[in-house]
Structures are given as structure tokens and as C-alpha cells.
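The following blocks contain the structures, represented as C-alpha cells.
Okay, so chain A shows up in both of these, paired with chain B first and chain C after.
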Partner chain A sequence: MKNAVNKTISGIIEIARGMATIMKHFFRPSITLEYPEKKPDLPPRFRGRLALLTNSDGTDACIGCKSCVKVCPCVDLIQIETSKDPETKKIVVEQFTIDIGRCIFCGNCTEICPKNAIVSTDEFELADYSRESLVFDKKALTLDPEKSQRLRDKKEKEVK
Partner chain B sequence: MYDLYAKILNILRLPEIIAQLTWAVIPFACIAALMVFVVIFLVLMERKFLAWLTVRKGPNRVGPNGFLQTFADAIKLLFKEDIMSEETNKLLFTIAPVIAFAPVMIIYGLMPFTEHLIAINIAVGLFLVFALSSLTTVGIVLAGWSSNNKYSLLGGMRSAAQAISYEIPLVIAVLSIAVLAGSLNLKEIVTAQSGGLFSWNIFPAFIGFIVLFICSIAEVNRVPFDLPEAESELVSGYNTEYSGMKFALFFLAEYAALFIMSVLISTLFLGGYLPPFNDYLSIILLDNIIKNQAIMDILIHLEQGFWLVAKTYTLLFLIIWIRGTLPRLRADQLMGFSWKFLLPLAFINLILTSIIKLAIQGY
Partner chain C sequence: MNKLIENSIKKDMLINVGPQHPSTHGVLRLILTLEGEIIKDTKPVIGYLHRGKEKLAESRTYFQYLPMVDRVDYLSGFFYQAALCYAAESIGEIKVPKRAEYIRLITMEFNRIASHLLWLGSFLLDLGATSPLFYVFREREKIITLFEELTGQRMMYNFYTYGGVKKDFPEGWIAKAIDLCKEMPKLFDEYEAIITKNPIVLERTQKTGILSKELGLNYGITGPNIRASGVNLDLRKSNTYSVYNETDFKTCLAQSGDSYARYIVRVQEMRESLKIVEQALKQIPGGTPEKLKVKKVNCNCNREECEYCGFDSKLAEKKINPMTFKLPIGEATAMIESARGIIACYLVSDGTAKPYRIKWRTPSFSAVQILPELIKNSPYSDLMPIFGSLDVVLPEVDR
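Let's turn to the complex of A and B:
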């Protein structure tokens, strides 16, 4: 009998405590992010769509070393065509194509890149109506100098 | 009132027989409309409050702040295809939602919402309410059985077991009210509690209030006693196979029962439509201003409605709050709780209230 009464009282106290905790939540602002209207604030290491950076003078940061092609786990995902400029003897990147539809967003290419030319952006809304439109060519991948700088700054912060 | 109605139809040049036939349908239509509106906004209220209790936003897309969400859901449900699998017992499968729904609707007619707003005022109203509320279980068991689905069957069986074991403490807890009021008529039970907050039945029969509250949650299959439709183990229990209109009927019955149970608890224990003061607020505040008796009567009538709605929705909020807090019980815990805990408590309450009644009245 005494045991039953004790159990009842402790049960009531426990339930009341639980309900008080839930009541505290009633007055909290909701943590729901109403996604299509409000975008999430993504961390710098977020691995979204790949992009090519440009230097501040507008030239490509990519030097055409093809390290990313070697390290990429998806066969023929990154396709680079280079040619040698006959005057300056420098390698010029003619074509740089990434099939984002097959990309697994592992980020190996961004790690191996000696010039940090290829980076992951925080763009993740990649749905499209055809596979062909997910193949990004050099023009679509390259960011203008201003955006490149902003992205570099963001990645810098992450290192520190 | 009937004379007025007959006169209106007479002006419209309709024969008297139509007036006689349709007169009986009017309360029915009013109750049906009331029920649907109550359920639509109750579901919305539950979804919103539950969202706020769990730090979410809840429905906020349809209409201003999601106000019309349940209307959209209801319209969607009505237009859904009515699927019935090959092996089901067609007749029972169709009848089951009706059996679950109809008793709840009759209970709406029995409730004294205000002094005059009571469709069926009979001497044994309280008895009839509990007789009908246990009929709903038959519908659920039939639904589970006729679906030819093991999840449905398990849900139906659990519902039967649960309803049988919770009906007993429920009725014994309510018996104390019959002792206190000396009547089974719901309106007389309410008027017996007149005289302010401290003459409400909750004070002599507080244990009974607790027992009835817990049992009524179990009776309408709500968390933490929602074993008949436990999503995580039984898909969705007895209504797994149901879709479209039939599912809507089950849904309607469930929420209508939830509302009417809250009305019942506030009628039996919290003074029903009576105010928590010695007299009606409109009399206390406006007695010197308004001299016209007819306007005063209308005001009092509205106030009675307000008090009942306020009490009912307080209880409903409590039930939603409990839903947001407590986890579901195990089947054996459910049974043990009813038989070993609530039943003795209900008997203790009955004895206590009888002693109090004797002490007050002296016979």
C-alpha cells in the first residue's frame, strides 16, 4: 500500500515535470526554416556544386594540371582539354566539363587542386529536367573575380 | 417555435405536412453542422498547438496562418478514391464507420450546451451518453475485423480490450456525480452545481474528475492510450485499409468524440454552462444598465455558451498538451493501470462523495 502511494506520487511528479518542460517549448520561437522562402546558412565546408575560380585580373586560376581528373572517383566526370599557347609556351585550358549529374560531391578534386582553382560552392538546388542540362561546361563553371574572392575569403575563415 | 416555422412555410405556400416532416430534421442538421465545424477547427487547433509545443510552425500555407488547412484536407478526403480490397467483407467494411460515427452524433444531441440549447432532454441522459459512447468501439472492432488485414484486426482487438477495461472505472467515477446531483438528467446535474466555483462537483469528487479525465482519454483512443492505432507498430491500426469518405468518417468520429468528452467532463465536474461566480457576469455588470428582460436573457444565454466553450477548450488544450508530452503505454501497462489503479481509485471516490453527500444533506 505504502509502495503504491509512493509510486503514484513519484509518477505524478515525473509527469508534471515532463509537461512543464513541454510547456517551456510552447513559448520558444520555432526552429523551422521555411525553406523555399528562406535559405539555410550553410557552413564553409559544405560541398555543393563545383565551380572554377578566377584570379583577380580575370584569368583562369586553373593551370590545366589535370590532378582533379586523376583523383576523381567517377570515371570521366571531369574532362579537360588543354593546348599550349605557341607564343608564351603556357598551358591554356580550352575546355573544362563536369557532369554534375554523376558527381558524388566527395570533394577530392578541391583538395588535390594545387592552385585551389576548383572549389565546392554552397549551391545545392541542382534539380533539372534533363541529364544534359546538368553537364556544366567551362563557361558555366567559371565564377567572376569578385565572386571568386568572396568564396576564397569564406574558405580562408574555415582554415582558421 | 414550431408555430413560427409553420407560419414561415405557410408564407412560402408549402403544405403543412412538409413543416411537420422537416421540423424534426432541423436539430439534426444543426448538430451535424456544429459537429463538422467543431471537428475542423479542433483538428486545426491540435495541429497548431502540437507544433508550438514541439517548437515547429505547424500548418501555415493554406489561408491566413494555415487557417483553412483542414478545409483543404477535408475536401481532399471527400474526393479521394474509395479503395476496397478484394477479400474484405464489403457490407461490414461499409457499415463500420457509420457505427463508429452515429453514436457520437446522438451524444451531441444529448449535451446541454446552454440552458436552452439541448436537442434531446431526457431523464437518463447520463446513462444514455455512456451507453452510446461504448457503441463506438463496436464500429472500430468491426472495421478491424472486416478489413482482412492483420494490423487492422490487432488494432480492433486492442480497442475492444481497452474500451471494456476503461469503461468500468469511467462509469463508477461518473456514478459519484449521480450521487451528488441525485439525478441522471444532464441539465439537472448542471443546475445542481449552481452557486459559483465552490459548488462545482470537482471539489467533492476531485479523484473522480482525475479518473474520468484519464478514462475519457483512453475512451477516445488518444495518446498515451492510442494503442488501437499505434502508428509505429500497427501502421495505423483499425483504419489501415480505409480511404476517402470512410476514413474521413472515422476521423470525424474520433475528433467529435474527443470534443464531446471534454464537454461531458465540463458538464459533470466543472459546472457545465454555469459561470464560476455567484451569478452571471452579465447580471453582475449590466443589471443597472439594461432594463429590458429579453435582451438580458439573450446575453445570459450567450454567456452560458461562452463558459461552456471556455471550459471545454481548456480541457482540450490539456489533452493536446498531454499528447505532446507522454509516450504511448504498453498493452499490459494499459490494462494494469486500469484494473489495478483506476478502478480502486474510482471506488474510493464513490465512497468519499457518498460520505460528503451524507454529511451535507444529513440523510
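Let's turn to the complex of A and C:
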């Protein structure tokens, strides 16, 4: 009997202590981010959708070495078609396709790229209605020179 | 009429729980034999999340396989990468600089806290308390944000590499981490005020799911689960791997082996992990990255043991080319203490660019197997508290 009374009293005290701790949260600032209206601040190292950069004169930064294909963990995720220009003997990148729907955003390709031509952007809202629309071809991946320069500057800043 | 009811109660009933049950922490299916409300027999059915991580390794190079390892256990990805890296480093005899080891230690211990926090929230959610889930997510978010700044992603880090780590801390990261270490213990006090002596929690977790020493050892239970039964098994102490021998911490033990003891051990472990992180942030060779950069430029001593330009202040021994990376012929096992127990990675190399065989030993696999023993002859309402207290992550079971 005495035990039961003691147990009840200590139980009430402990629940009151817990409730008081929970009540403290009424007076604290809110921590939620109202997501679709407000976007989170992304750090410079963030790995989002992949993109191809262009040089300042509008030519492709990619030289078609296919290093990214060799380090990519997903088989056939990056597909590159190249051809040799008969006059200048330079390699021309004809097709550059990435299936973003299968990409796991590991960042291996951006690390290996010798010209820093393939980079991760801040874009992370990639939901779509069909798988086909997630296959990005060269035109969709390539950024214009202005944006490319901005991304390059950001990357340099981070390396410093 | 009464007899009819009695007979129907006495009859065994088969009940199927899962695989899409919300409190099975993933996709676990349990086939229960009930007598009334008492569980007589349990059969866990696993394999719904099998992705063939071991077989995938055989068709991929070492660097292609590295990002996949994070997905074995999505709550503590750093540990799996560390286990694979240690195994490969012991075959290839690659030395790891001390600064890289410290960065690994700091990230692993933060990861342990984040994993335990999520366990705490989901465990209490199994008991019916919803508000602690939001509190633990608030704290976990701070750790995850630090990881995002450091590695670029919130859960699948792909940050370690063979012979070190990929990147140094960004500017101001260490200061933020120190601040977090200072404010965390107060928040743990808050959880303990809500949970530790709450009569409902005590009633539902004490003396339920008792795991005895012998049973635990026979089934190969490791980590906080076996430490809650009083077995002093902590690889960080007994089989030091990283730089744990340079930090001061104690192994958290409890004696009773019930669900409550497992809760107590995990909360204590989070506090100990914070202590390790605090010490490591102070002891890290070279100090903050900003200071290190300035000193490196001014220091031209070219000595191996120099604090600022020597081997120990580097991030990796030498830059490895992922396309030509090969390991010599050999085999190695690396064991580390993860948030859930002992992870072992057995790696066989045949001298080519691809591993010949990789075998993972995961702690959650053993924890699922012991569930039938723990919930035998207990009411159905105890199923989820006991299962939740074991901290099982299903992708780790099936891998």
C-alpha cells in the first residue's frame, strides 16, 4: 500500500517534470522551414544535378576523355559519343547523355574530370512525371558561358 | 457459450506483421503465433531490401564501389566506408595521415550521435510518444547540416577515400562543431527529464525483452545491445583502430539487459561520443584549416615530422588516380564499432582493379535473429517496444 502511494506520487512528479520541459518549447523560436516558399541555404559543396560547363567563347569545356564514364558506379549512366574532326584532328563531343533518374549523386565524375567540365549544381528539385524526361541530353545539360563562369568562381572560392 | 469463447482463445492464431508495417523500421515481416494475446512463436522473414551489395562489388572497381557502401546503412554511412577503407588499406599497406584519421574519427562519432538520436525518436514513437521524435530531429538536423557542409550531402556522404579523406574541413566548420558540442549535453538533459523516469516508459520497458549474457554472446549480438547486458565489448577500446587510443572515454555498461538498459546505454554513449569529438577537435594535427594553410605557406622545413607541412597534416598519403588504382593480391578483415555494433568487412583482392570478393558482417542481422527469443511468452503489445529497442535497420540486414 505504502509502495503504491509512493509510486503514484513519484509518477505524478516525473510526468509534471516532463510536461514542464515540453512546455518550454512554447516559448522558443520556431525551427521549421516553410519549404516550398522558403528554400534552404545550400553549402558550396552541395551535390545536386549534374551540368556541363562551357568556355567563355561558347565552346564545350568537355574534351571527350570519358574519364567520368569509367568512375561512375552506375553502368551506362553517362553516355558520350565522340568523333574526330578530319581537319583539326580534335575530338568533338557529339552526344553527352546523363540519365539523372538513375544518378546517385556520388560526385565521382566531378572529382575525376581533368577540365572541371562536369559539375554539380544547386538544383535538387528533380521530381517529374516520367522517366524519359529525366534523361538529359547535351543541350539540356550545357550551361551558358555566364552561368558556367559563376559556377567556376564558386568552386575556386571553395578550394581556397 | 463461455466454453466456446475459451476454446477459440486457446487456439493458436497466426498473425502476419509487415512487411509494410510502420513500426518495423523498414520492411521486416514477422509471422507470429499467438495464443490469446501471448506470443508463442515468431518467424522473422527478411530479404525484402536485398540489393546484392556483395555481388555488385565484383563487377565494379574499388572507386566505383565506394559510394555504394553508404547505402548499406543509410543512417550511419561513414562507418561502412571506413570499414571498406581500412580493409583496403591493410591489403595495400597504405598509410593514413593522422589529420585524416582525426577527421574520420570526428565524423564517425558525430554519425554515431545522429544515428542514436534517430533511434531514440523512433523507439519512443513505438511506445506512443510523438513529441520526442521532433526534438531529436531538431538536433539531428544540426549534425546533418554540418555533414552537408563538409561532404556535400546529407546522408550518402562518399567522403572517405583509400588512404585518407577527400576534402578538408570548410572554413568555420570546427568552430560550429565546438559550439554544437557545448549545447548538446543540455539538450540530452532535456530528453532525460522527459523520458528517463517517466512512469509509462519505465512500466513498458523495464523487465521486458531481457537479453542474458550467454544468449547474446551465442547469437553474436554486438554493440550497445550486448553492452546493456553487462558484456564489456567495445572495439574502440579493445581493438583500437583509428586514433581512439589518443582520446579518453569510457565504455557505457548496464547490467539488467532489458529494453530500458539498452536505452540507458545509448543515451550515455551519445554523451561519451560528444566527449570524444570535443577532444579530437582540440587535438587535430595542424588545427583549423585556415591556420594550417597560412603555416604551410610559411613553413619550408620539408621535414616528415613537421606539424604543418609533414605527413601527418595531409589529407591522404598521395593522390590516388581512381582509374588505375589496384590492390596487391591478398585478403584482409577490418572490424570497426559502428552505431549498432561490430561491422566486419572481409575483402579478397586478386590483384586486378576489381575486388574478388567482399563480405559484410552487419550487426543488425544478428539483432533480428534474436527477436524470437526475446519476445517469447510476452504480450503482443510488447513486440514493438522490444523490437525498437534493438535498433535494427533493415537495409543493413538484407544489404
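What we mean here is this: the second predicted complex is superposed on the first by the 129 of 160 C-alpha atoms of A that agree within 3 Å, B and C clash if a C-alpha of one lies under 4 Å from a C-alpha of the other, contacts with A are read in each partner's own complex, and residues count from 1 in each chain.
By definition in this document, a contact is a pair of C-beta atoms (placed from the backbone, for glycine too) under 8 Å apart; a residue touches a chain by one contact, two chains touch by 3 or more.
This is a predicted model, so every value here is computed, not measured.
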Partner chain(s) touched by A:59 [first = chain B, second = chain C, both, neither]: neither
Chain B versus chain C as contact partner of A:45, first or second or both or neither: second
Contacts of A:15 with chain B and chain C, given as first, second, both or neither: both
Chain A: partner with more touched residues, chain B or chain C: C
First (chain B), second (chain C), both or neither touched by A:34: first
Which superposed partner A:88 touches (first chain B, second chain C, both, neither): neither
Touching partner for A:26 - first (chain B), second (chain C), both, neither: first
Partner chain(s) touched by A:3 [first = chain B, second = chain C, both, neither]: neither
Contact residues common to both interfaces of chain A (with chain B and with chain C): 15, 18, 21-22, 31
Chain A residues within the chain B interface of the complex: 8, 15, 18-19, 21-23, 25-26, 28-32, 34
Chain B - residues contacting chain A, complex: 49, 51-57, 60, 321-322, 324-326, 341
Residues of chain C touching chain A in the complex: 60-61, 63-68, 71, 131, 138, 141, 148-153, 156, 158, 166-167, 170, 190, 193-195, 197-199, 322-323
Complex contacts: residues of chain A adjacent to chain C: 7, 10-11, 14-15, 17-18, 21-22, 24, 31, 42-47, 67, 70-73, 104-108, 111-112, 120, 158
